[in-house]
Amino acid sequence: MSRLGVKVGSVSLKSPLILASGTCNFGHELSEYYDLSILGGLSSKGLTIRPRAGNEGVRVAETYAGMLNSVGLQNPGVDYFIEHDLDYMRSLNTGVIVNVAGHSYDDYMEMIRKLEPHKDKIDALEINLSCPNVKAGCMSIGSDPDQVFEVVSGMRSLTGLPLWIKLTPNVTDIKSVAYSAQKAGADAVVLINTMLGMVIDIRTKRPVLHNNTGGYSGPAIKPVAVRMVAECSKALSIPIIGCGGIMDYKDVIEFMIAGASAVEIGTASLIHPTCPVDITEDLEKYCEENNIDISSLTGTLQLW
Amino acid sequence: MNREYSCKILKRDMLTSDTAYLTIECADIANRAVPGQFVNVSCSRFLKRPFGIASVDTSAGTFNIGIKVVGAGSSELASIEEGSIVNVLGPLGNGFDLSASDSFILVSGGTGVFPINFAYETLRSKGKNVTMVQGFRDKSQVCLTSDEYIVTTDAGDYGIKGTCIAGLDTLKIEGNTTVCCVGPVPMMKAVGNWASGKGLKCYISMEQRMACGIGICLVCVCKKKAEEEGIPFEHVRCCKDGPVFEFGEVIL
Amino acid sequence: MSRLGVKVGSVSLKSPLILASGTCNFGHELSEYYDLSILGGLSSKGLTIRPRAGNEGVRVAETYAGMLNSVGLQNPGVDYFIEHDLDYMRSLNTGVIVNVAGHSYDDYMEMIRKLEPHKDKIDALEINLSCPNVKAGCMSIGSDPDQVFEVVSGMRSLTGLPLWIKLTPNVTDIKSVAYSAQKAGADAVVLINTMLGMVIDIRTKRPVLHNNTGGYSGPAIKPVAVRMVAECSKALSIPIIGCGGIMDYKDVIEFMIAGASAVEIGTASLIHPTCPVDITEDLEKYCEENNIDISSLTGTLQLW
Amino acid sequence: MNREYSCKILKRDMLTSDTAYLTIECADIANRAVPGQFVNVSCSRFLKRPFGIASVDTSAGTFNIGIKVVGAGSSELASIEEGSIVNVLGPLGNGFDLSASDSFILVSGGTGVFPINFAYETLRSKGKNVTMVQGFRDKSQVCLTSDEYIVTTDAGDYGIKGTCIAGLDTLKIEGNTTVCCVGPVPMMKAVGNWASGKGLKCYISMEQRMACGIGICLVCVCKKKAEEEGIPFEHVRCCKDGPVFEFGEVIL
């Protein structure tokens, strides 16, 4: 294994770089740009039990150093995914992370039951308890430590697959939510999903997004994400996957120092689709120059 | 493999007081582009900006885009200095099916003049029979035109007064003809209906706010009639499944 | 009164522009740059009972489209302020907002008792329940609706001065916190203070800020601030003062449409000290062109 | 009234491989600046960057700053194109008291050479007696120097080998002399102590990370011995109360 290999609990990845859910679809499009096998993994677009058309109207708003989206979990449904996309993802020769969303406890259980028979093709399930763009479930579950505990415990009893719980930053105390996930048997937490925001078109006096609010991503949210990773790193014993605003290799290193075992690249792929190629090269160079394995950075933050 | 290009702006002309025409260096894009495709161009804002490819010069290894100033990004790009470097993704999306017939009617409204210009040049070089109908708001907006084209203006201060339909109604349709129309949605609707009435196949091109431009983020969707029953509509990506659709394929 | 006049409850201001606490000190320095009487008001640096030296070491970290600060409420103490700065602020011929911070319920009560005798010189008290840079009180009080209710009720019983409660965005549900403030008798809420963030120096593997974390301000936080103003505008009957990332007149209009009766300009003054002059001119032009009074914009947001 | 200026970069010279010297147009700043003051200069990053004023030309209406590349902002400014516009706040802060005596010893280390250069020029034009001592890391860093100066290098490949103190120790102190020293903290400590030992008044100049540069945000503080008892220290603003302090005034 090269200097970039990392482990997220029991899951070995050849690189700490994972493409974040919703910013790589199922890999087809980006594989026209580079060989995705250089990645540690790919997290599928968020899946639900039934196909979802997602939100109507304008779904993107630009901001300083970032963007809001309100896609609203458009996806073909988990059955279609299993039939049409899972094998393709597996064929990419990189970690296969299946991102799972739902409106209720039962939804999440049903999703696990549907995916469990395909466990040989899946490296980890990423449980989205944090999407701000759907009316029920998701973020509202992920904002409440008790509900997080309940949902994660339920899923834990149904599968032996690694459960990565993706959390929302829109909470007062991220540590207590993350700790609930850990107590319930999560294998890792993913920090962070998007922040809830709004942009108003002052000419029309209406929100730019037809869903009114949307999820804020990009470099603008990085300082919040890094802070949450550092906070949780002290409070948890399970690994953390860092996410939020990563644009270059220095951002990756920052997240790993803060406590991340691996990271996810989201919005950066939308701006520069091949940025993971550059980041991989730069990380390799960094490891060479410092004569380290990248995994040795995790949690090396020294507080004042 | 596709990739992001760093491209030099070789030339910037002003076509009208608020519309620039850029000549951009990139042999790959010039060689690969087909009419109806677009490029996604960086500016100092966070997201790139999509523009239809207006022309290519494969021997010079350049392509052109036309930029009408509507906001911060377009105004920055419309006043960019020659010699500057921009990052470009492209050519993106699906173009018109120019093998659909031997006769074409091309209809443009507003900035639709740009992708339609590329279609015109390509069809003429293939020796096809092409009629060009251009609609503009008023004389001040007229650009990339020719005496051979039918031009309409809403204001009536240039060409025929009225919409493109007024122009189209002057035509005699012969044989197997395809219509390609790029412009504001109401216009594409009208032209599409006009074409349907005549039994002609019609392509239109959609504009949606985009982020990636390459199909991975799903922010740029158009509504499409669902194939399955019980589902009112599906969402297709303007950038990857379009921007060119057959009229009737997406809900306008 | 010109087109820019606004009312925040009973307080009339000649412009919606207020300089945010901690970004204008007590006005002395900025009055070397422009005539502060064009402003709606000036919010003093956050005051505490005793003088505070603030945090040691590096106190600022640059981010994309913003900055983190960890000043930690350095201030000369409220007694010194009353003796040396209050009259000066009053002399500036603009609204005098006194920003008050504390570690505990008792601190806040004591502050009110000290300021109440000077009520003639004060237009409003801005109660900072949101500073992320001090160990106890402040943000931890402001994260809990019950404590907010208690502190605000206590202050309400001690003073008739307008009480503007400045809240932290680092909460799961800003509406419930703001609603508590309203129920307890607040005259307005100020949304938002800084977001908690961290920037790590990857060379030293230490946080840039010697306080480890800091308050994130600037354009990067605007979409979150606007969303919170819009959310609270629907839920509250008292006025809202918008704050967070305002750089130009369009941002002011965006906040007012979202529901703000007035706004505060923070970090923008650090980047362009005279920006309020430009913003004032642009707002006047906007009002002329649209033939409106600026106050008519408040809460005109039309949701989808 | 003070204000923010949009200034043209008239000239950019490279003094060493990683140090640029900019000539910036702004008559106001040139006229008002005194040695030891600084300017806060915009780049494409969010915050401005502070640089000591290295020289002024009041007749040309220009001033100079020297920029050593240490990170993103300084490297951008050190390679800025002539003719570019930057936003500048200044002159900021308090300078040296150049009326303190008739004889001065000026000591600089590293980029301290820039503000000290301005002090030198000003004192010479006032006809004062000035001795200049410059300390550099090695020969490659030497700039803004003269044969009349005492130069030391840590590496010993230019001038006297050693620190500024080695240079200072070669001096004979006469009459009422003031020392001004700008450089790394350890050096200012050493020079300050050297001066105290000789009973000389000594000014130093502090660097702290800044945001506003004008005294309103309190992020740039230095520790000062508190005047009141029981309080271990006070914080004073480097930008507004400094950057020049008397040695001993702030805790190094």
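As written, the chain order gives the labels A, B, C and D, with residue 1 at the start of each chain.
Quick note on the criterion: a contact is a pair of C-beta atoms (placed from the backbone, for glycine too) under 8 Å apart; a residue touches a chain by one contact, two chains touch by 3 or more.
Because the structure is a prediction, the values reported are computed rather than measured.
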- By the touch rule set out at the top, what is the minimum number of steps from chain B to chain D? 3
- Between chain A and chain C, centroid-to-centroid distance (C-alpha), Å: 34
- Query: Just how far, in Å, is the C-alpha centre of chain D from the one of chain A?
  - Reply: 48
- Query: Where the CA atoms of chain C average out and where those of chain D average out, how many Å apart are those spots?
  - Reply: 36
- Mind pulling the chain B residues that touch 2 or more other chains? none
- Message: Give the residues of chain C touching no fewer than two other chains, as numbers and ranges.
- Response: 61, 63-66
- Query: What topology does the chain contact graph adopt: line, ring, star, complete, or other?
  - Reply: line
- Chain-to-chain touches, reported pairwise for every pair that qualifies: A-B, A-C, C-D
- Within the complex, chain C is touched by chain D residues 1-4, 45-48, 87, 89, 209-212, 214-221, 223, 231-235, 240
- Query: Contact residues on chain C for chain A in the complex?
  - Reply: 57, 61, 63-66, 68, 143, 170-173, 195-200, 202, 204-207, 209-213, 216, 219-224, 226-227, 230, 245, 250, 253-254, 257-258, 300-304
- Message: Residue numbers of chain A touching chain B in their complex, please.
- Response: 22-25, 29-30, 32-34, 45, 51, 53-54, 56, 58-67, 69, 71, 74, 218, 267, 269-274
